[in-house]
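Shared between the two complexes below is subunit A, which has subunit B as its partner in the first and subunit C in the second.
Then we have the complex of A and B:
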């Protein structure tokens, strides 16, 4: 099967233009190396903050990648027409999984091969948690071998799914055979179930289990909602960038598409709030100490303001803003709200990850909120590699799925 | 503004010709929503004909059976009111038995109608048009059945108005911190908006029946309810706006009702009830059971009235897939509850779930899991979805499974609560059985009356999704 999308002048790369992919790759690698140096220095000095910066930014890009993967699969199983011109951008986005899988390796090295295995996830240090009755009750799940197998299974599955969806989509660009659509629908159907389960398990393993004393059945659904919000905001920005100054998507990505993206962003804003509120409210109302401590820790110090920021900024402001029709059809207004959502999505991840690394372990004192220089290097480092991966995929395929059965519907889409 | 101009979003902005030259969509036509290129006239005749024809014999037989069955509820309730709530099987520690199980069961069924009408309307899913009317009717009747149980559970039903915060001589005021009170507001609001939504959608079709009526009585009867509809542009303009607003209003209501129903359980400390995933899990379960009931009702109607061109295989496919998806979400919730019970390491929680699956009520748990998670997986197969009788049987499994889900949640946790000395086993009495099974009669009676007197398919909406309603249809040369 040939998947070379060599057809025509529709190929995105234009000769004579600066190849940004290499700039992003080198920039990303430099920042990532700086970040890893920070993790190493922190590790030798017993300071976990640089490693947590890397974990937060890893979770940030992972959530966006998973959100894009789910959006691609949802597009296929719903037989969606309008979003076909956007789908190719999602397919570029989901090319990041192999690289994210590699970026996770330092965490594994610290947890499995270093002298301080509990540096990231406390429960890895068996001597430290030996007398912890909760660990003893949970060790059937919190096992090192199971954790490692799960890592390979999660990333293996996501890489496989992303590869299949991308390959079939490009293959259709060459021969225009509808069988590729059917194959993509098939892989999306089981892929959604697989991704839902692995996304849940990954959020428990990598985020929730930092504070392994705590538990909530809603957690996987929260990570799903957060991922979708992040991915929608990023894909809207990517599409808008590509029509900026008559860029390559001009005349294909139109107001109707932007409006519908805005509507889905509104829907997921409400869904995220619904999930987050339900989790908070049910724990608050039951008032059981083994659950409430997680929120109590997040009411201390500056975390209180982050909590309020999530309620009023990530939900209320965004909700009211996206209710207005005009805010969803004006490019500049959508750029603003997308950046806003991405910023608060990151804060949501800070909120979920950082306090769990307790400053005083036995006293349940949360790690204080701060944006460290290591967060910025990790953000730029992983971001640079993700951007490189995106542009590399973009350069090697057509700007839109030219022979998708629904491409005409999408090009004619007016919205409303 | 200058910066905004750098983003050409206008629909008239041309795409690069070198890209457009390569756009050659693969041939994969969308399924037709109305088969055999039926005309507007055919659709009107077919649907209005059901209301206008002589009452068929099967209808009389079904109506007689339904009303007879409904009388069971009347008998059960009469005995209850004249004797007291003690005639139900409720006994310490299981003070919530079939009453709340039946309430949640019927409320869940009442979700599909408004979901199809409101959420699928906002999602611009045109396939909803042939099933929305009957599903909305079903919603209202299911909510009516649901309301019976909490109202009679209060004991002295004539004091049910105390549920509302109305000043009274005894200075009795409802407890606003109880989700049961939130239910009162959520369900009554939902019922009101659902009725309004259903009625607004009916107006153009009632006018069609009025205009076709041959007898004066029918003309007056349908004329009153058609509210002077003339089909003018202004009429349609107002109608579309009202419909869209009601869809927007109904959407959060659909989600809120079952969320609050889930709060009835989840705000407590009872093991097996206090779990944070309950709100979305209950909503998914409600949609699942609602679609189960839509399939149960629509498939026989399709066969009896020969509606195959309107309720096509594509519609059945879509409903089966939603049932499969929501059934799988429910399965995810069951798994997550079990997993977190074990992971949470709370011994009471662990016991509650082991007891559910392997304890004295394991038969109920197995029934629930099989019907709700395993059976719908058959919908993965096209050959199953293409056999309406098999789909119908599976839809019955869904209905049964969802009743058992509520039974498992309610009864298993209470029967084995914190104090082993008060453990018990719940058994319904004949009054419980009469009241519950009678509600199927109430529901069927109301639905049969609907089928007989109102257009069971939204004629105007179906016409709007036919190819000939597309302004570009004739440009493409697809003349009839």
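Then we have the complex of A and C:
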């Protein structure tokens, strides 16, 4: 009863405040347009860096969106109680897929319609790679028609799943009928399998295939682990922001929830390290040039320090930090580690995407590491649009799933 | 004589709510050697009792660190020091190829020391405890919520503590033999 009053009170109070969503939308669009101008200028000058900035940032927000989608579905499939309070924030987050799908269109335009199809993904340039033995061996997968169909299938599926999970959850807010929970569980059950497969294929299509010569069976799992880490850190920040200065989630998002989020973050830190290391370990032990070149390129120049940063910063420091109980329950300490994880998640994507675009195609010369101004505009551009989509969804629904059968359990969640 | 063989006093409580209140009173009174016996887990009771977090993670960390160091040492000693052997063109020692050994030993010793730490901190194995001597002990595994205050507590006084237990709402107050 008191919960309902708080939640509706928070919603009633929000129109009085300044509506930030429009500011984020316009800011995001302006920066995105600047980014696209950069991509165009780079394209006319034969410089791929601005386009790669956009691709890195697209992957960043896509990974967080996919992580949130998976977290929502995992919540439903396991019938978990404690995370019900957090679930609504995830449902706001997964509203970004249609917009991300649109942001991807420039890459398709360059690859399919421009005079230089191999600008982003080299294998699109048939004349350049036709004699490549490895291209011929992988031709069955690297098809242009298949790529386009896959794009529509991935985004179609994610948008459909996100739409279903969001509408059912909102419908339950009105009538409190448990049948919506059952429907969400149903869609989550097939959705997890679908998302696992499409996420793997998408990471291969859009990130790994930049270097189509390479082999790795771990890549999809790596992207999954990275996505989950990014999404968990972002969700924790969003929830903490909403309890800041008696925000709307005060009294609902409690220490137990924060602690449990911290525990899953720890688990996925280990999982990410396990996957990333396994990939390195297998390639190191097998020691075949067809595979090792990928890592050799990433030991050139500043990329060496990025690699070490990923090992010791993204894994070791985060792992030891999150082992300690107090670091998981103090808001300020969690904010620190969430920002830390997000930063290194970004570097991880740089590490995976940028060196694969070789500076000289026929030689193993990776693009040097640098944060260009186009990365920042793309980060702000796509970020503004994602924030707008989040706030728009936030404004149009209750702060928590009010009539979810497990909301009481979640509000009473006791953790230590 | 009677005081020597008294383990402490026990009192029963109506429901988890009154139990929780009583536990808070005991905590605030400053008792150290006391315990609550419930047939089911009562959420929040550890806070009401003022219990600190378990120290088991400390054992886990020590075990894990030992395992990691042992694993590293084994790989280095066997492959690079005692009998240097080149396998697959790899260096004699590197943190990469023996990592599974280091990792597995970390997990193994961390898990074993967690269990050992739990046993040590719990005082297990222990086949007998004075609270079991109460005639109706079986009831505490069924529907009775009980608080026991031990005579070893510095604040314990057989008369005053009895009155205190009555004050906080305890019924069926009984003395437990050691």
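Worth a mention:
Assume the second predicted complex is superposed on the first by the 403 of 416 C-alpha atoms of A that agree within 3 Å, B and C clash if a C-alpha of one lies under 4 Å from a C-alpha of the other, contacts with A are read in each partner's own complex, and residues count from 1 in each chain.
Operating definition for what follows: a contact is a pair of C-beta atoms (placed from the backbone, for glycine too) under 8 Å apart; a residue touches a chain by one contact, two chains touch by 3 or more.
If you're wondering where the values come from, they're calculated on a predicted model, not measured in any experiment.
If you put the two complexes together on subunit A, you find that subunit B and subunit C bump into each other. By the document's definition of touching, of the two partners only subunit B reaches A:252; subunit C does not.
Look at A:288: by the touch rule set out above, it reaches subunit B but stays clear of subunit C.
Counting residues of subunit A touched by each partner, subunit B versus subunit C, the larger count belongs to B. Once the two complexes are laid over each other on the shared chain, residue contacts for A:237 go to neither subunit B nor subunit C.
In the superposition on chain A, contact of A:414 is made with both subunit B and subunit C. Of the two partner chains placed around the shared chain by superposition, neither subunit B nor subunit C is touched by A:23. When the two structures are aligned on the shared chain, A:323 is found in touch with subunit C, with no touch to subunit B.
The contact surfaces that subunit B and subunit C form on subunit A in the two complexes overlap at residues 281, 285, 414.
Taken together, the subunit A residues at the contact with subunit B in this complex read 7-10, 77, 79, 134, 137-138, 140-141, 172, 176-178, 180-181, 189, 193, 196-197, 200, 204, 215-218, 220-221, 240, 243-246, 248, 250-256, 258, 270, 274-275, 278-279, 281-283, 285-286, 288, 290, 329-332, 398-400, 402-408, 411, 414. Put simply, subunit A touches subunit C in their complex at residues 277, 280-281, 284-285, 287, 323, 325, 412, 414, 416. By the touch rule above, subunit C contacts subunit A in their complex via residues 43-44, 46-47, 53, 57, 61, 88-90, 96-97, 99-100.
Subunit B contributes residues 3-4, 6-11, 13-16, 18-19, 21-28, 30, 252, 255, 259, 263, 266-269, 274-280, 321, 328, 332-333, 336-337, 340, 342-346, 380 to its touches with subunit A in the complex.
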